[in-house]
Structures are given as structure tokens and as C-alpha cells.
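If you scroll down you'll find the structure; I have some questions about it.
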Amino acid sequence: MKTFDVGRLAAFTDGVFAIAITLLVLDLDLPDVSGKAIGELIQADLPKFYSWLISFLALGTLWLHHHYIVAHLRCTDITILLLNLALLLFISVTPWTTSLIGAYGDQSIAVVLFSGCLGLAWLSIALIGLHAREHGLLLADAPKPEPGLMATLVTLRGTLIAVLSIGFAYVDTTWAVLVWVLLFVMHPFVYRN
Amino acid sequence: MKTFDVGRLAAFTDGVFAIAITLLVLDLDLPDVSGKAIGELIQADLPKFYSWLISFLALGTLWLHHHYIVAHLRCTDITILLLNLALLLFISVTPWTTSLIGAYGDQSIAVVLFSGCLGLAWLSIALIGLHAREHGLLLADAPKPEPGLMATLVTLRGTLIAVLSIGFAYVDTTWAVLVWVLLFVMHPFVYRN
Amino acid sequence: MKTFDVGRLAAFTDGVFAIAITLLVLDLDLPDVSGKAIGELIQADLPKFYSWLISFLALGTLWLHHHYIVAHLRCTDITILLLNLALLLFISVTPWTTSLIGAYGDQSIAVVLFSGCLGLAWLSIALIGLHAREHGLLLADAPKPEPGLMATLVTLRGTLIAVLSIGFAYVDTTWAVLVWVLLFVMHPFVYRN
Amino acid sequence: MKTFDVGRLAAFTDGVFAIAITLLVLDLDLPDVSGKAIGELIQADLPKFYSWLISFLALGTLWLHHHYIVAHLRCTDITILLLNLALLLFISVTPWTTSLIGAYGDQSIAVVLFSGCLGLAWLSIALIGLHAREHGLLLADAPKPEPGLMATLVTLRGTLIAVLSIGFAYVDTTWAVLVWVLLFVMHPFVYRN
């Protein structure tokens, strides 16, 4: 089972990412009532635009990091395939949790579900990286793991953001969702060189 | 026709798997009635969550095994392409059978359709493997087929689970669906080494 | 522009094929009315099952032949890319024409639209093959074009079936649609060796 | 981060293109009212057909040009990945802006949104090309950049069409949308040799 090539894992995952990120737009209201002015329609849809954009950035950041980990894999094993399947589970549910925060953005439970699924997706990616490191599945020229606390925080930063967001959800739901933008903004700094 | 490369077979199949597994989530109710509390919505949706999760695991296990067979193919012929098309037929219908057991989970016929299609998908994969073995389409370093009953059972275990599930469907529909989890759980043991 | 690699053309086309073939199932009625027995629902849906199956076979045969042509391309040029875009146009519209014959299978115009789009898709593939042959874009070991009428008929057989189907549409719509099964059945004979 | 391979960038982008271009067809009305004649349905749908076709050509031209740029990339860096993510954002929103011009084609704001998103998508591609040129990420045999005004105009012609279309939107919305056909028609001339 060690001969599993990385290419097909990436292709299947890319497919699920591509579909999930494109399905997000289906939640934007389509103009069915022709009597309504288009300006009103868009104004009433503002919370949905907001949740669509946040979710797009969140999935985009996840894909960038998955890309980064997988580019350094030499091969996969059954553990990585199962962890990747868990990742796909949490990604494929994102269009639904996104529509939840678009319609119920002021209820804590919607934000908890949204951030919880994203957090578990990040945890799956972190575990893929950790497992690959421990079992020698990384390429020889893969970036060295910096030792200590900092490296672990970098790997788990998505999960940390999720915990932060879930905590915020019981105080202010708007900020709880906006926290995910932070992860996107700090992205270029993590992969600086 | 023997020069067909395996890569494109895998890419097309990955696409259908990725779309079917992501479409499953469309069956979860989107929050249209803003007067309803989100907790009630999710509680009423519990059978759909349950069928979504089972179906995700069932398709995920199928993909893992397809990945395993195809990784050992040297090339394809028209028989494999047609068997793979049959597989895609049964996979692409899964979002529909999943929504059937989500809404009619207590009716035997819904479970029979769900498990029947999955069973035929597993049969298609088993036949791809058998055909490739008989016609020398496997790579030289492909895992040796262990002789006898055990190897046949491993290849056809998905179809056996389907027969079991269809039998259960006339006794207890909940257990008839849960049987598919068994296949997922035994997966790591089959590909142990 | 001659350096365009074939791989990405295939990947994009596979994506559109995979989505179109999976979207076909969305036309099957989802069980919304929980009061209705599942048996009745399926019986009322029979014409839709019938059109879904025919359309799946028609798209599957098209994909097999696209696979066959593209596997022998050395590289692509702008003409092939534009012809392939025309092909994708006619494939992406198939879920809509399929739902037309599912709901209006007894009206000639529905069958004319369904068969017309498939016929133009086959014509696009035939033109890709002809252009590649004339401009030396085929691999050296590509199958020799048999001379004369027979080779042209093999290349254009999908378009011929479409013309036949459109003719039948004004006599008997059921047979006009069933004609497409003929193309699928003769497939293995065309690629015999 | 410079080791990012181009293949996966292309695969993910192809997935989003393939889904967006296929989802366009979902906007065509499906025949639900069986009492209505099919001819009337299609006639009432004419503006949607028109917007579907324009949007298909616009996305197809974008894909051709993305293909052209990426085929000459040696590798990617984080800037290209982020620019490509911006491109995907504007592509994934196209099914929604297309349904806007299908239903509200006579309102300026619908055309401004449609052309604005396409213009920003073209700008993203142009920036990918410019960044790759400046930072030496192009293959050695990539086409030399012709100096001066002409080369810049070729790279930014999609954005120019968008500005033209947005200007037209306040005069005549039909012509404002038709301007995009111009981009498709001039395509073969740009990639002549």
C-alpha cells in the first residue's frame, strides 16, 4: 500500500476543493422575482456575500496549505489516505455551513458549526504533515521542520483560529467569522522564503 | 486500443467521485425559513445527516479501493473502460439513492436501491481487477493474488456487504444501512502491510 | 501556440464530462412529499430514468471516443482548442436537453434538440481527428487511417446517428431516442483490436 | 515555496473552470409545467440562452489564455498562487452574474457586475504573466515579450473589453454584453503563429 502515488490523491482532493468552492456561489439568491429592483436584491443579499467571501478565502487558504504539504510528499500510505478523506468530509460540508452563517449569522451555533468544520479540516492537514514526517514519507529536499513550539503552532494555526472563532461565537458572531480573514492575511508571511 | 493510458481513466473517475461526494451535501436542508431556530432545523435533519455520513464513507471506501486497483494497472483496454463506465453509472446515482434513504429510510425499497447500486459499483471494481489479472494488464510489481477463497472474498467484499444489507433491509432498515460502516472499518486491516 | 500540451486539454474536458454526467442525476425527482409511497414516486419517474440512462450511455460513448482521439495526439493547436471548446459547449448543455426529453419525450422538438447537440458534439470530435491528421499532430504510432468511405463513416458515425435520430423524431420519439443505444452497442466492435 | 509545481495549479483551476462553465446551464429553465408547450418555454427563455452563450464564450476565452500563460510557467510562487486564487474568485461568481444578465439584462448594474468580474479575472491573468516575466518564472523557450504598447495591450485586452462594456452598460445593455464576443473573435488572430 506504500506505492500509492501522490498525484491521484491531489487530483481527487483538487476536485472536491474546486466543486465546494464553486458551489458556494449557488447560495447567492438568483433573481426570480422580476418585479424587484436588482439593487434591493443585492442589498438584501449582503450577509450572504459576506459569508461567501469569507468561506472562499478560508477554503483557498486551506488549499494553498494542502498544496504545500502534498508537494513535499514522496508517497502516501493508508493513514494519509484516511486523514485526507476526513479532510474532504469537512471541506464538502462547507457549502452547507456557509449557507448557515449566511442565513443565521447572528446565532452562535451556526458559527460554531462553520468554524468547527474548518478547524477539523486544518487538524486533518496538520496530522497528514506530522504522520508523513514521522514515517519518512517526505521528499529528501522537503523543508526542515524547525524545532519546538513555533513549528507546531505554524502547523496547527488553522485549528487555533477555529478555537478562537468558536470562543468568539458566544460573544460576537461577526468577529467570530472575521477571524478567518486573519489566517488568510498571515499566509504570505508564513511562506515568506 | 491497448495503448490507453491509465491516467485519464483515473482523472475522469476522480472527477465523478469528487462531484458525487460533494453533491451529497446538497441534500442537507438549507435554512430558508428564517423564523425557525437553527437547533430545530438540525434536529429535523438528523436522518439526512446520518445518510450523508454513511454515503460519504461508502463512496470514500470505494474510491480508496479504485485507487488501489488502478495504481497497479499497466494499461487499460476497452473492457476495463466499459466496466469503469458501469462503475461511474452506479456512483453518479448515489446522491439520489442517498436522498432516498434520507427521506424514506424506513422503507425497504429505498435501502435496497441504495445498497444495490453500491454493490454493483463494487462488483464493477472487482471485475476490473479480475480482467486485468487474467489479461496481463497489471504492473510487474503488483501484489500477488493470494490463491483460493480468501482472495475472492477480499475482492468481492463490497458486493457481499451489499447482499447482506439488502437482506437486512426487509428486517431492520437502520441496521441495513449501518452495515456499510463495517466495510469502512475493516478497510485498514485489508491493506495492512 | 503549437507547444500546448495535451494533458491540460484532457483534464479540462474530463472535468466538464464528469460534471455533466453527474448532473444528469439531479433531474431525478427527489422525494420531497413524504406522504407519497416510494414505489409511486419511482413509477412516475420512469421516463426520467429512461432519459437519464440513455444520456449517460451517450455521454459515456462520447468520452470513450474523445479519450481514443486524444491518446493519439502529439500536441494541440488553436484550431483543436477551439473545436474542443465547441465540444464542451454541446456536452455542458446535455443535462438540460436530457431533462427536456425526460419531461417532453413525446414532442419532436425535444428529441431534435437532444440529438442535435449530441450530433454536433460528435462532429466536433470528428473534426478534431481530421484536423490532427491533416496537420501532422498525431503521434507516430497512431493507428493508420484506413482509406476510403469506411474510415469516414467510423469517424462520423455519431453525427450519422444524430441525423437518423432527428429524422425518426417526426415519426416516433421513443425510437428516435433509443437509436443512441445502437452507437453504444457497436462501440466494442469498432475498437475490436 | 518556489518548488510549487505548475501541474496542480492547473488542475485546481481547470476544476473551477469546468464546474463554472457547466453550472451556467442550470440557469436555463427546466420544464416543470407540463401544460406549457416546449416552443413557448424556449421562446420565453431566449434572453437566458443568449446570456448562457456569451458567458460560455467569455469563460472559454479566459481558459484558453490561462492555458497559454501556464504552459510557459517554469514554476509558481506564493504571489502567483494568490493571483490565481483571485482569478478563481471571479470565475466562480460568473454563474451568478450570468443569471443576473439573463433575468435583468436591461438594467445597467447587472451588466456592470458581469463585465466587472470578467475584467478583474482578465486583470488577474495579466498580473500572473507580468509577475512571472519579472521574476524569471517563465520557461526558457517562452515567447519573447514584444516591447512597448502593443504587448501591454495584448495582455490587458480582456480588462480593456470590460472597461468598454461597463461604459456601454449605461447606453445600451445589449451591446455592452455583445462586446465580449469581440474578444472571442479576435482570439485566433492574437495566437496566429
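Order of writing sets the labels: A, B, C and D. Residues in every chain begin at 1.
The rule we apply is simple: a residue touches a chain if its C-beta (ideal position, glycine included) is under 8 Å from a C-beta of that chain, and two chains touch if they have at least 3 such contacts.
Small disclaimer: the values here were computed from a predicted structure and weren't measured.
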> Since subunit C and subunit D share one sequence, what rotation angle in degrees maps the C-alpha trace of one onto the other, as a multiple of 5?
Replying inline: 90
> If you list every residue number at the subunit B and subunit C contact, are more than half found on both copies (same) or fewer than half (different)?
Replying inline: different
> What's the chain with its C-alpha centre farthest out from subunit C?
Replying inline: A
> Approximately how many whole Å separate the CA-defined centres of subunit A and subunit D?
Replying inline: 25
>> I'd like to verify one number: the distance from the centre of subunit B to the centre of subunit D, where each centre is the average of its C-alpha atoms, in whole angstrom.
In response: 36
>> Can you list every residue of subunit A that touches 2 or more other chains, as numbers and ranges?
In response: 11, 15, 18-19, 23
>> Per the contact definition, I'd like the list of subunit D residues that touch subunit A in the complex.
In response: 1, 3-5, 8, 11-12, 15-16, 18-20, 23, 27, 78, 81-82, 85, 88-89, 92-93, 95-96, 99-100, 103-104, 107, 109-110
>> So in the complex, the part of subunit C that touches subunit B is made up of which residues?
In response: 10-11, 14-15, 17-19, 21-26, 28, 30-32, 34, 37-39, 42, 56, 60, 63-64, 67-68, 70-71, 141, 187-188, 191, 193
